[in-house]
Structures are given as C-alpha cells and as structure tokens.
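Right, I'll just put the structure down here and ask away after.
Chain naming follows the written order as A, B, C, D, E, F, G and H, and within any one chain the residues start at number 1.
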Amino acid sequence: MIKDQYKIDLERRSRLGIVEAVWGENKTVEQIANILRGFQQASEVALVTRVDIDKAERLLEIFPSAKFYHQAKTLTLGEPINFCTKLGQVAILTGGTSDLAVASEAEIALKIHGVPTTVVMDVGVAGLHRLFGSLEKIKNSQVVIACAGMEGALPTVLTGLIPQPVIGVPISVGYGVGKGGIAALNGMLASCAPGLLVVNIDNGYGAAMASLRILRSKL
Amino acid sequence: MIKDQYKIDLERRSRLGIVEAVWGENKTVEQIANILRGFQQASEVALVTRVDIDKAERLLEIFPSAKFYHQAKTLTLGEPINFCTKLGQVAILTGGTSDLAVASEAEIALKIHGVPTTVVMDVGVAGLHRLFGSLEKIKNSQVVIACAGMEGALPTVLTGLIPQPVIGVPISVGYGVGKGGIAALNGMLASCAPGLLVVNIDNGYGAAMASLRILRSKL
Amino acid sequence: MIKDQYKIDLERRSRLGIVEAVWGENKTVEQIANILRGFQQASEVALVTRVDIDKAERLLEIFPSAKFYHQAKTLTLGEPINFCTKLGQVAILTGGTSDLAVASEAEIALKIHGVPTTVVMDVGVAGLHRLFGSLEKIKNSQVVIACAGMEGALPTVLTGLIPQPVIGVPISVGYGVGKGGIAALNGMLASCAPGLLVVNIDNGYGAAMASLRILRSKL
Amino acid sequence: MIKDQYKIDLERRSRLGIVEAVWGENKTVEQIANILRGFQQASEVALVTRVDIDKAERLLEIFPSAKFYHQAKTLTLGEPINFCTKLGQVAILTGGTSDLAVASEAEIALKIHGVPTTVVMDVGVAGLHRLFGSLEKIKNSQVVIACAGMEGALPTVLTGLIPQPVIGVPISVGYGVGKGGIAALNGMLASCAPGLLVVNIDNGYGAAMASLRILRSKL
Amino acid sequence: MIKDQYKIDLERRSRLGIVEAVWGENKTVEQIANILRGFQQASEVALVTRVDIDKAERLLEIFPSAKFYHQAKTLTLGEPINFCTKLGQVAILTGGTSDLAVASEAEIALKIHGVPTTVVMDVGVAGLHRLFGSLEKIKNSQVVIACAGMEGALPTVLTGLIPQPVIGVPISVGYGVGKGGIAALNGMLASCAPGLLVVNIDNGYGAAMASLRILRSKL
Amino acid sequence: MIKDQYKIDLERRSRLGIVEAVWGENKTVEQIANILRGFQQASEVALVTRVDIDKAERLLEIFPSAKFYHQAKTLTLGEPINFCTKLGQVAILTGGTSDLAVASEAEIALKIHGVPTTVVMDVGVAGLHRLFGSLEKIKNSQVVIACAGMEGALPTVLTGLIPQPVIGVPISVGYGVGKGGIAALNGMLASCAPGLLVVNIDNGYGAAMASLRILRSKL
Amino acid sequence: MIKDQYKIDLERRSRLGIVEAVWGENKTVEQIANILRGFQQASEVALVTRVDIDKAERLLEIFPSAKFYHQAKTLTLGEPINFCTKLGQVAILTGGTSDLAVASEAEIALKIHGVPTTVVMDVGVAGLHRLFGSLEKIKNSQVVIACAGMEGALPTVLTGLIPQPVIGVPISVGYGVGKGGIAALNGMLASCAPGLLVVNIDNGYGAAMASLRILRSKL
Amino acid sequence: MIKDQYKIDLERRSRLGIVEAVWGENKTVEQIANILRGFQQASEVALVTRVDIDKAERLLEIFPSAKFYHQAKTLTLGEPINFCTKLGQVAILTGGTSDLAVASEAEIALKIHGVPTTVVMDVGVAGLHRLFGSLEKIKNSQVVIACAGMEGALPTVLTGLIPQPVIGVPISVGYGVGKGGIAALNGMLASCAPGLLVVNIDNGYGAAMASLRILRSKL
C-alpha cells in the first residue's frame, strides 16, 4: 500500500526565500515527526502551524529543541533566519481578543524569517478612538496586517487612513451570517478603500509570507 | 379566467398608521392605475415605489395631480399626511452617489407621512473626515438611516459613534463579491457595533416605515 | 510574544449610553476574568454573553458577587443601571421553546440597563389564536422583539398587526434548509410587512441594545 | 448533424393521467410547432407553458384553433379532458398581484384536465383580515395551491388554519434576499406548520399536476 | 426571569385533525416531560420526534406507558387515533439503508394517526430492477412517500411511472456536494417529472402529515 | 497600451492530440479573426465555440471556407483530423430539446477530431421507456456523453444500467432552483451510481475532449 | 416496524462489471455485518468504504478473513477479481499528505477489481519541479486520478501536460473558503484545460470505478 | 429633494498618495461630469473606471483634453503624476484574451500615478511552456499582478515560482460554476502557494493601487 514518503520542497528557500511550512491540522504526530526529521537532516529551519496542544506536547518530547507557541498553535524547530532584518517591520492589528490566535500565527511566521513585528490589539471599529490613538505607531511599519472578524471593517477603515500596503485577514469567529468568517472576507474584498489586499480566512501564515515578499521587493 | 380585482388594504392606516405602498416594479401601468383609482375613491394618499420613467409618464397622463420623483423612482398621489410633524426628524446618509436612489425613496416615503428629513451625502468610510465633519448635524435627528453598498461599513462605524437608533440599508451596487449587495447586508448583520438594525437590500421604503414606527413609539 | 492587554472601551457608556458587552463564546475563563477585573476597577457594570455553565461556575468562584442567568447563558457583574426606567418597556416574543435562550439574553441585556420587559411565549404562527390572544398585552410595550426560527414568519405577521417598531431576531434552530437560521433571517428581511427591522441570527443582545436606543430616542 | 426529431411521450396520459406539457421558454417557434403537430396527429390535447406574446402570436397563426392565455403565458391546443370533473375542486390563492402569472398557469393546467378551480386573490399575510375573510370559501376546496413571494409566509399561516392539503408555490418576485424566490422557497420548506407541501419556484404547472394526482387518489 | 410555561396547541386536533408534535432535538428532558404532562392532562395522544436514546430512556422512566421507536428516534404517549383507518394506505420507499431513520419517523407519525403503511426498502435508482420489481405493490397505496439522499433521483423516476401523489423527502446523508441533503432537495424541486411534491430535508413527520391531509381530502 | 498579440498554443496537438479551441463568447470578431489567421498560417485546423449568429456571419465573410454549425454555435476552419477513426464512437444523449445546443457542440468538437458519434434524443427519465428503447444502440458506443438539465437524473440512471464510461453534462436550462444548472450538476456529482464522471455546466466541448482522451487511451 | 432486510444488488457485477460497494459511514456494525453476510452467501467479493477503526475492529472479529486498510478506511472481504489485469494501469497522484486517505480508497477499490496502480505523492503545484520529475512515470498509465485540496490546481496543470484521461478528485481538507473542498471542486470544473473529468469531493471510490470503466472500454 | 452635491475626497492624494477614482458604472454622464469639474477646479488629475463607449464619447465632448482607453473602459483627465518613477515597475499578466479589460484598467491606473508596467499576455496554465518562457521578464518587476478567470490557477503557479509579491485578480469570465469569477476567486484565496494576495473579482484598479502602496513602502 501507500507509504508515507514525503517530498519536502527543500528548494523553496532558494527559490522563494520562504521556508516550507507544514500545515499541522490534518496530519498525525507521526506524519509531522517524519517531515520534521527531513527538515533536520537538511539543516533547514521548520515551521508547523495549526498544532493543537496534545500534538505539540508529543512533538516536544520527540524534538526537545523545538519551540511551541501556545496562542499561535505554532511549533518551530531551528533558529530564526537572519537575512532580512533591515528590510523594515510589520504591524499586526487585531479587532478583538478572538483574533489573537491568527495574529500570533503571523507573528511567529515572520519571526522565524527574521522580520520584526509590532502588535496593536483591540482596535475594532466599534470604538474608533482606539484606532486613532495607535495610528502613529502603525505608520512606522512598512506593511500592516489587519485581522478582523464579524463585519471585518477594520482593514477598510485603516486603508482609508494610511498609505502603507494593508493586508486584511478575515477571522472565522462570529455567529449567524458572521459564522466562519465569510462576511468579513467579502467585506474586505468588496471594500471601498483603494488597494486593500486580502488573504484567506484565518490565514495568518499567508499574510506573513506576503509581508515578507513585500519587504524584500526592492529595485 | 382570473380578473384583476385587487383587495386594497385600506384599513392599514388605522391599524398601522402607514399608507399601503404599491411596489411598482413587476406591475403594468394598467395594474398600477387600477390600484391608484381604488386609493382615490377611498380618498387615501398613495405611494408607488420602483416606477421607471416610462411607466411614470403614462401614469402622470392618467393622474395629472400625481407627483413623480425621478431619482427616487417614486410616484405619489394626494397630499402628505400632517399628523406626525412634531415627532422629530430622520437623518438619511449615503456612502456614495450610487446610494442616492434608495436614499431618495426613503425620503419621499417619510415626506408623504409628514416626517421631515435631513440628507447627508458622500460620507463613505474610505475618507472618514467627511463623516466626522457631519456628525453634529446627524446627532440632531432622532433616527438615522445609513445607506451603504460595497462592504457596507458606514452603519457600523456610525453605530459606534452615536447613541441614536441606526438603520442600515445595504445597497445593491458593487461588483464581484459585492454584487447585489449581499456583502454589505451580511457586513451590517454581523456588525460589531451594538444595536445596529438592518432592512433588506435597497429597501429605502422599509427603512422609512421603521423610522416612522420609532418616532411614534412613545409612552 | 503577544500579551493579553485588553483595551476596554470604557467611554462607551458616555458615548452611546451602552455598557460594553463581552462575547464569552471564544474567550477563555482567564481572558474573561481579566476583562471583568478591568470593569471592576473602573466601577463599571459588566455583561458577558454566551457563557457556558462550566465557564460560568469558574467565573462565579472568582467573582462571587456576579450573577449567572442559566437559560440566557449570560453573566452580569455590578448593579443594573437606573437611568431609563421611565422610557417605556419592551415586549419579547418567542415562537417556541427553542427561542428561549436568545429571548432570555435580550431580557438580561435590557434588565442590566434598567429597562423593564414583558415576555410572551409560544406564539408561533402555526396556531395563530395564541398570538391574537396576547395582542393587547403586546401593544402595551413601546418596542417589540420577536424571536422566531424555522420559517421565521412571526415578526412578519406581527408587523402587519401593530404600529409599534418590531425587531425580528432569527433563531438558529431548525434542520434542512432551516438549519442555522438563514431561512428565518431571509424571510424576515424579505418580509412583505412594512418596516420590520432585523438583527443577526441569535443576536438577542443586539435586539436589546437597538430597543434601548429606540426608547431613548426622543425629541 | 442533429435533427429535431422529438420523442413525444404520448403514453403519459395512459400511464399518469397527465398530458405532457411543453416548456416553451427555451424553445423556438419552430420547435414548439413541430411538437404541437405531433400532438395533433396523435389527437392529443396539448399544453405549452411559458410562451411569451411574440411566440404565441406566431403559433396562433400556425394553429388557429389554439387558445392563448395572456396572463398565464400558456397556450392550449384541443379540448379540455372531461374525465375528472366530479373529483372536487382546487382553490388557488395569491399573496399579491405579482403572483398572478403563476396562479394563472396552475389554473389553465387544471382546466385542460377538466378540474374546476376557485381563485382567491390578494390575501398576503401583511393584512391577515383579508385571508380570514376568505377562509370559508377556501375550505370548500379539496386541495389548496398557495402562491407567495417575498417571505412566502402565506402557505405556512394557511396550513395552520385548515385541514386540507396545501401546496406552497414560491414566487420569484422580490428584491435583495427575496430575489429569485429562494427566501420564499426556504421559508415554505422550513415551515413550522405540519404537512405543508412545496414545489419549485414559479412552478404553477407542477402544483396543478400534484393537485390532480391528489384529487384522483381514492380508495 | 422567563418561566417554562408552554402554550400547548390543544385545539390543533379539532382544527387540523393532527396531533401537535413535539420536536425533541433542542429540548431538555425536563422541557419535554413538562409538555407531555400537559398532553396527558388533556387526554391527548402525544408524539415526540428526534429523541436520542439517552433522553428516551429518561423519559420512559417518567412515563412508563410511553413507547420509544429506536430507529425512528420517536416517542409516543397514548393510543393511536382510530378515525381514519378506511381512508387508504401510504407506501414509504427508501433508496438505501441511510434513509431508514426518516422513513421510520414517517411510519410512526402515520401509525399514531391510525393510517396503515407499507414500507419498500432499497429501491435506489442505481439498480432500477429493484424498483420495477416493487411497482405493483407501490401502486396499491393512495399516497407514496419516497425518501432519497445523494442525488435524490428516486422520487423523480417514480413520479414518471405512477399516477399517485408522490412526496419526495430529501435525506441528509451524503458527502461533498451531497452533504446535508441540499443536492437531493434541489434535484427533487427541479424534477422533470410532473407533479412531484417536496418537503424539507429529513422531514419524515411533515411527509406523513401531508399524506394524512391528502387521504382525508374527499368531496 | 496593450496590443492584441495572442500566444496561440500550437504545440497543443503534439502534446495532447487536441486542437486548441477558441472560446468565442467574450471575444470580438476582430479578436477571433486574428486568432484564426494564426491557425491558418500554422496550417492548423481551428474550432471556435459559443459564436452567436451575428459574429458567425461576419467571420464567414472573412473566412469563406469556414463552416458554421447553427445549433452548436460552433465554427470550424480547416478539414477534420483523420487520425483516430478506428478508436470507436461516442454516444451523445439528451434529456430534452433544451439540451440540443450543448450536445451539438460536443458532436462538432468530436467530428473535427475525426471521431464518429451517434445521437440519441429525448430520453429524459420522466418517461423511462424512451431510454430503455435506446439502450442497445447506446451500448454500441465506447463512451457515452449524457446531457441533462433540471434535476439531471439521466446520467445517474444510465450509469446504473451500462458498463461504459458515462460523462454527465449538466445543462443550464431550468428555473427556480434548477436555474443555471447547479441542481443538475450537484445531482450528477452526488450520484449514487458508481463511476459517473462530470464536467462543467454546458461544457459540451470538455465532454468531447474527455471522450477523445478515453478513446485514445490504450495499452 | 421496519426490518433491516436489505436488497443487495448482486446483479451489479454482471450488469456493470463492478462489485457493489457498501458506504460504511452512516451504517452500524450490525447493518454492515448483515450486508457482508449476504455477499458471502452469494460468494461475491465485498468492499466497504469509510469504515472507522472502531467499526473495523468489530467487523474483523466477525469476519476474520476480511482485510482492513487503515489509511483508506476501507475493508474488503474475499479475493480480488482477476479479469482485467491486462487492460492497463492507473496512476494515482496526491498534492499533499492530506489527500492520502482518498487516494488510498481509490487504490483499494481498483485492487479489488484486479487493476494495478502506481502512486505518485506530494506533487502539488506550489513546487512544480516535483510534478515535472514524475511526468514520465505518470505517462506510463492509461488513466490518471489526481487528488487535490485547497485550490485544486493539480489536475488542471496535469491535463495541460499529458494526453491521457485525467480524473480530478477534490479533497475536503482546507480552511476558510477552501473548507469542505468546494473551492477545489469548482476549480476543477471551471478548468481551462481541455477534457478534465471530475467526481464528487473525496470520492476516491467513484474515481476508481470510472477508471475501471475507461480501461474496459475497447472496440 | 436631494441635490447632487458631491463631496470629493481631495485630501486623498496627500493622505494616501492616491488620486480618488470615480467608479463610472452606475453613474450618469451628468454625475460624472460634475465630479470631473470638481477635480479640474482643484487642479487634480482624475481617473474614471468602467466607462462604456457611449458615456465616454459624451464625456470627451465636454472634456476635450480627457483621454479614453477603450479596452480598459477607463477615462483620464489631466497629466500623469511624476513622483514615483524610480520605485520600480509592475508586471501585469493575463491568462487569456478575456482578461484584457481588467489588465488594461490596472495598467492605466498605474500609468496615471507614474508607475511603469510590463504586460505579459496569454500565459494561462493549460500550456505552461508559455509562462516558463516569460519568467525572466516577469522577475524583473518588483510586483506582479496576475489576472485569471476560469479556475484561476495562474497566480498560484506563479507564486510557487518567484519570490516577488503576487496579486491575484480573479476575472468574471467563465460559465457554469466559473460564472462571475467566484471559482477563480476562491481558488486564489485557498491557494497552496505561500503568500498569494487577492483583490475582488475584476478589480484591476484595486490591484494597481495595492502595487503602488507596495512600491512606495520603503524603510
């Protein structure tokens, strides 16, 4: 029958400047461990997202040098890459507490690639004074990742206020028509603000990698 | 075969304080004219919404005393009702030019019931300074109707800024995921702002009648 | 990494006359407790919705003076506000037993803001005599919140019968096409009754805050 | 290439007691005329639905003995069948003027099969007194077809009031979430009234044929 | 706070000839027991659908004379009604094993109203010879309930073969686009067979009550 | 600005054995003519689908040797390919008249690649005897393309009756839930018949190219 | 009440050359065991898909000669059929680790019918060099089954590269808009590559049976 | 009644470095002309998108110095801005001819802001050699806009091949499940390639403004 013989895309760093991330949600501990061994043998740093606490504990037993970030549900193995520290930083915004997991995933994914971040929490549009109070801090970053669930208006409002590239990350919290994040996603895509960029619901990793591509994109 | 013998709900004004509105979109000129004659015989004021210019011109020939409001695509027959002039006023906001038709429909529907309105145009959230500049004027009204298409964030932002009841009206302009107004509708329903009320897409008449109910609702 | 440093919107009461509610569903006991401490320090009354029984028991140990309303899955800390007792009352209707949780959430959210309510149960449209028998009682209120799942016809029928503002709350019970409350929601939005207002599925809190805004909205 | 050689299901009357209906919407005049010739040669009565006025006029030139029912957009050729006149009658209800086309289609489809009908117009639930005033008349029929657009609550209310079989026909009029009739359809399917039956949106012909099956279904 | 004071619709039998059914899925044992006591006090037979085995066992302890039908997840209290035994019988068909629960719910709901049934299993359209082998048996019934999941083609094929009224019940088994039964539902609604009637997904009770209405509908 | 310099995939025949087809629907006459000139210069046969009669007439003036197939809305330029005549034939079935355009598109696309076809019309499942009467003829083909709109049950029934590969083509005719062909598509995908293959709605060309791949696929 | 008397379609092998498969997901161990006994008595080989580990263990106790394939969640009873070994082989591709369960189901379903397979893992389009490196191996097969989740682009890219029939199997892994596999399914159906065939999401069995039909389809 | 008194957001250039664009689709010639006069008076360059040829001709009569770009359906008034010429360039890719209008809109929107572009046409994934042949040219740009309809796989494949930021623009061409561009949109959002950014369907202007933000985003 089918064997678990993975083809790790080890050329990815040279091709894209990005480490291949392992999506941990639908994989067993054994499958993840096999893949991590492949990364270790290639002396490559590894990033595993969507790892629940049970899997993480078993993986930490196998790989004692790995680090697990509880809120981000993300596990890393190996030292962060150093090569892009002078490219600028990324601001990561959350509308509310429910956006923290995804914001943290973005933060760790940038950290492992050596990109500094600044996090600005609880700036949802139901109380705009909180966003206005943080605007100068946000403008110091070269890219902004704005996480928002419910109606997802935060990235729209922000894109109308600052000239930086803004990446909206719809969050799957919510209920009724907000359930699963589709209302937030469609609100960001249909935004009246010029030039708002969007990634998939809860895709903190994707927003981070897009930020990395932007920071590196120089003449 | 079936005859066009309409049952006009002439008790509606005594029961609800609301004149029955005729939805003109799927009716022929003959059907609308028949219904208007019924209103005339009952000495009742009449309101016909979603009347295109061709139908309107033919109806104005039959009913020379009728008035047609071009932008609102609304036709009225008879004098506005006087009984609620002291109840307060309704502010009607638009995010952009594309929201004008629906905002106008709400305006005429309130006017025919004797309710004064104030219209605040072009206060979409992509340039928030325009909304802030109009905020004091908006706060002078007892109810606010906020029309918005695209991502529909205007009513959410507004509901976070003022204590009045806010009725969001999603507008069907837009393209891609914004087409037909569903993104705006879901954004308003999933809003993080406490107590935002919503009506169907493009339902200016419904927002007006709800405002009327609110203004009349006294101890 | 990211710290749990919440920005509580303590200006909300002065700005909107509404206490900030904490949505308990996606938050841990620790996160809710941190936020409640912030409210206590600011001497502000607190309202936490969608708290399951396990979280509630642990929170009651930490905050012995808090009250937990089992059916409403709602927890309050501090005394109800007194400032609007003379503004009128809100009638809360349910179509059936399955609507009780949401109706109770609305009831507690109004109670904490000092608004009296009257509850009318089991008046679903499959047996209209039950609704007609309660109509006079309902008409004594200044605002009506009508909760209904399945096809959600109750608010439509009611809006055709009384002149008060009616807020329809779609309920997520049901199966097949009724699952999740979308059929009820769309039925309320597409209603043929003039001026029916709608909030998100299961949003008892939102309906309550909208009622509060309406009661306060006076010349 | 492909020739237009139709296989008319002439056994349908002996098998099902139903004449094959031709759906005229996507067929050319030539295609419809070819099929009608086949019916004529087999001495079978023919029913063509969804025929617009232009096609109808050209078909009436070819088949001078055909009858075209303008409101129903339906054309018949040959005399109505006589065989089921004593089985009872069907009541056809409309919520409003926009439901007339579909109600008429049902009426003609029953007429061609020899079934008498009674039509009750404008009994939408926004003014329930109109429905109550017609209830005794409706109860004299053995089957009820209830056409309704918008939220489609009429069949639900009716099914809670009478013991007869009720067939709900969702109507495609409406706008916003009511557009295309899906809200009405889902409302009827999710109905809290016990035993409401449903057919496809605008399917007056289907409701008629189901009524015919019911009337004939005897021990 | 809100008390559990149910308004049982005890007039339903005299009005509709149908016993009010209790939908057990979202109710607690205590809520169901309270309602059953109301039925007992009124000497009315009771029917509770969607009762899982745990709730059923606790209810059987409280009401030892109740009967629980495991496959149908349905509980009855009191003796079946005798008044319609001579009206004919209902054939209940299943496409496959996964349709049994819903078919059984229909069977028990008819049984409690005194209607005899005949069940024909495993006649899905992937092996048509099975359906043809049962056709004569099916034709002996006055109404046919056809349960089918996946693509839901069974009721369409059957409606093309027999003259009786056919009620299609979409079943929620399936995966991918078949998940939740929407594909089966839409297939039945869009059916090319003339006069197929449809109820909500998994609504065995509704199909039974519609059958009862049809059997009783006489001149 | 952007010039219309097309990159025709002339390697496609050597790579896939398939001529590149031009999708004519969203292209102007000028754009199509430019592409056809490219094919002519490369001495390659050309196939243009979804060409309406107006575009076709103007293209025939420019390319007098082109052939236009009216029902298929397809235009060809150059002689059919001869290389696969001995591989077998393809049966193309239609449920009704409305499926003819798509069936014809498949027929022409096969013809231009030298594959013989046999067309079997009007074998929809509402009258199964028509399908059974054609079954032997169908079994003589190596691949079957079954076009069906409405509920789309024809390919399911067929796949349960014959051992050949069956490709279901959902057709976009229909109304209500059948509109646009989604009900037919989902019915085919969710089919209970083992091994039914599906292509996009109205994709006659795709079904033809898949048939060609199957016929050529030999040890 | 209803008995579990299954009608096994034992004629299926003679009619279609395909063994009837039992869909294990919604069936109890007792129901599956009853069906397997029917297969045993008829000396027919049996295939049960979607069997979880708990059910499998209990079935293996009852049928010690059965084989359970853990990754494929598939159980077989009896020896593979030998009759088509010379028809060619099927290549089964996966985009990533999450596609393994469905790919394995296809593999076992082919194996039980005697068809050899070759599995090519981890050739997702985010690193195209992996697919190019396996292309010669893939071209040695007569049919290709390509499993892919997320955006599902693998079958499209492959269909543009090789002349064989390609069957795309959308996989239900993914999150946000990719959840449940609908994005992958629609991507495959809307593919710009000529002649890509599609089956339902996760339908490994269906892809296998379609491959079997193709391999057997000879002049 | 409501007057057309527009609030042009003339601060937008100083705030965002972006000229306010006028969305021409739902505006009359008079409305557009009024807005353009406002821009002229403020000596601001103007960009109007989605202008059809009829409107354009009438606008060119009023504003003889305006330029209309036919393929892009875009009109500009005033000279391009010069301030960002040294920031790099943007590559704009199309999968096929149908993507030209949107690609051109992006091109003009960048041009008016002084950003050079390079256009790479017809590099759809059905013939990958065309994309590989253009890869070096694409890599010379700092940002890539990839337009694709149908299954929308082009941006996914590209993001796996190059390190630059890639913005996917789903195109609304297509039929069946591809109609309206939702399949392409969801495919891009669910992409397995790390860091792909997405804008709304057909939103060439948005992709251009996002590119501008990226090019300007420097330490």
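Following the convention adopted for this analysis, a residue touches a chain if its C-beta (ideal position, glycine included) is under 8 Å from a C-beta of that chain, and two chains touch if they have at least 3 such contacts.
Remember, it's a predicted structure, so these values are computed and weren't measured experimentally.
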item: Type of subunit C:subunit D copy interface by residue overlap (half), same or different; value: same
item: Remotest chain, subunit C as reference, centres from CA atoms; value: F
item: Rotation angle superposing subunit B onto its copy subunit H by C-alpha atoms, nearest 5 degrees; value: 90
item: Distance from the mean Cα position of subunit E to that of subunit C, given in whole angstrom; value: 35
item: Distance between the centres, which are taken as Cα means, of subunit F and subunit C, whole angstrom; value: 56
item: Chain centre separation in whole Å, for subunit H relative to subunit D (CA means); value: 49
item: Where subunit A touches two or more other chains, by residue; value: 126-127, 160-161, 176-178, 182, 185, 189-191, 194, 200-201
item: Chains grouped in pairs wherever the two touch, ordered by label; value: A-B, A-C, A-G, A-H, B-C, B-D, B-H, C-D, C-E, D-E, D-F, E-F, E-G, F-G, F-H, G-H
item: Footprint of subunit G on subunit F - complex, ascending; value: 15-18, 20-21, 86-88, 142-143, 160-167, 185, 189-191, 194-201, 205-206, 208-214, 216-219
item: Subunit A to subunit C touching residues, read off their complex; value: 69, 71-72, 97-98, 100, 103-104, 107-108, 119, 121-123, 126-127, 129-130, 173, 175-179
item: Residues on subunit E engaged by subunit F in the complex (per definition of touch); value: 95-96, 124-128, 150-153, 156-157, 159-161, 174, 176-178, 182-194
item: Touching residues on subunit E, where the partner in the complex is subunit C; value: 1-2, 4-7, 9, 11-12, 15, 23, 25-27, 31, 35, 170, 172, 180-182, 185, 200-203
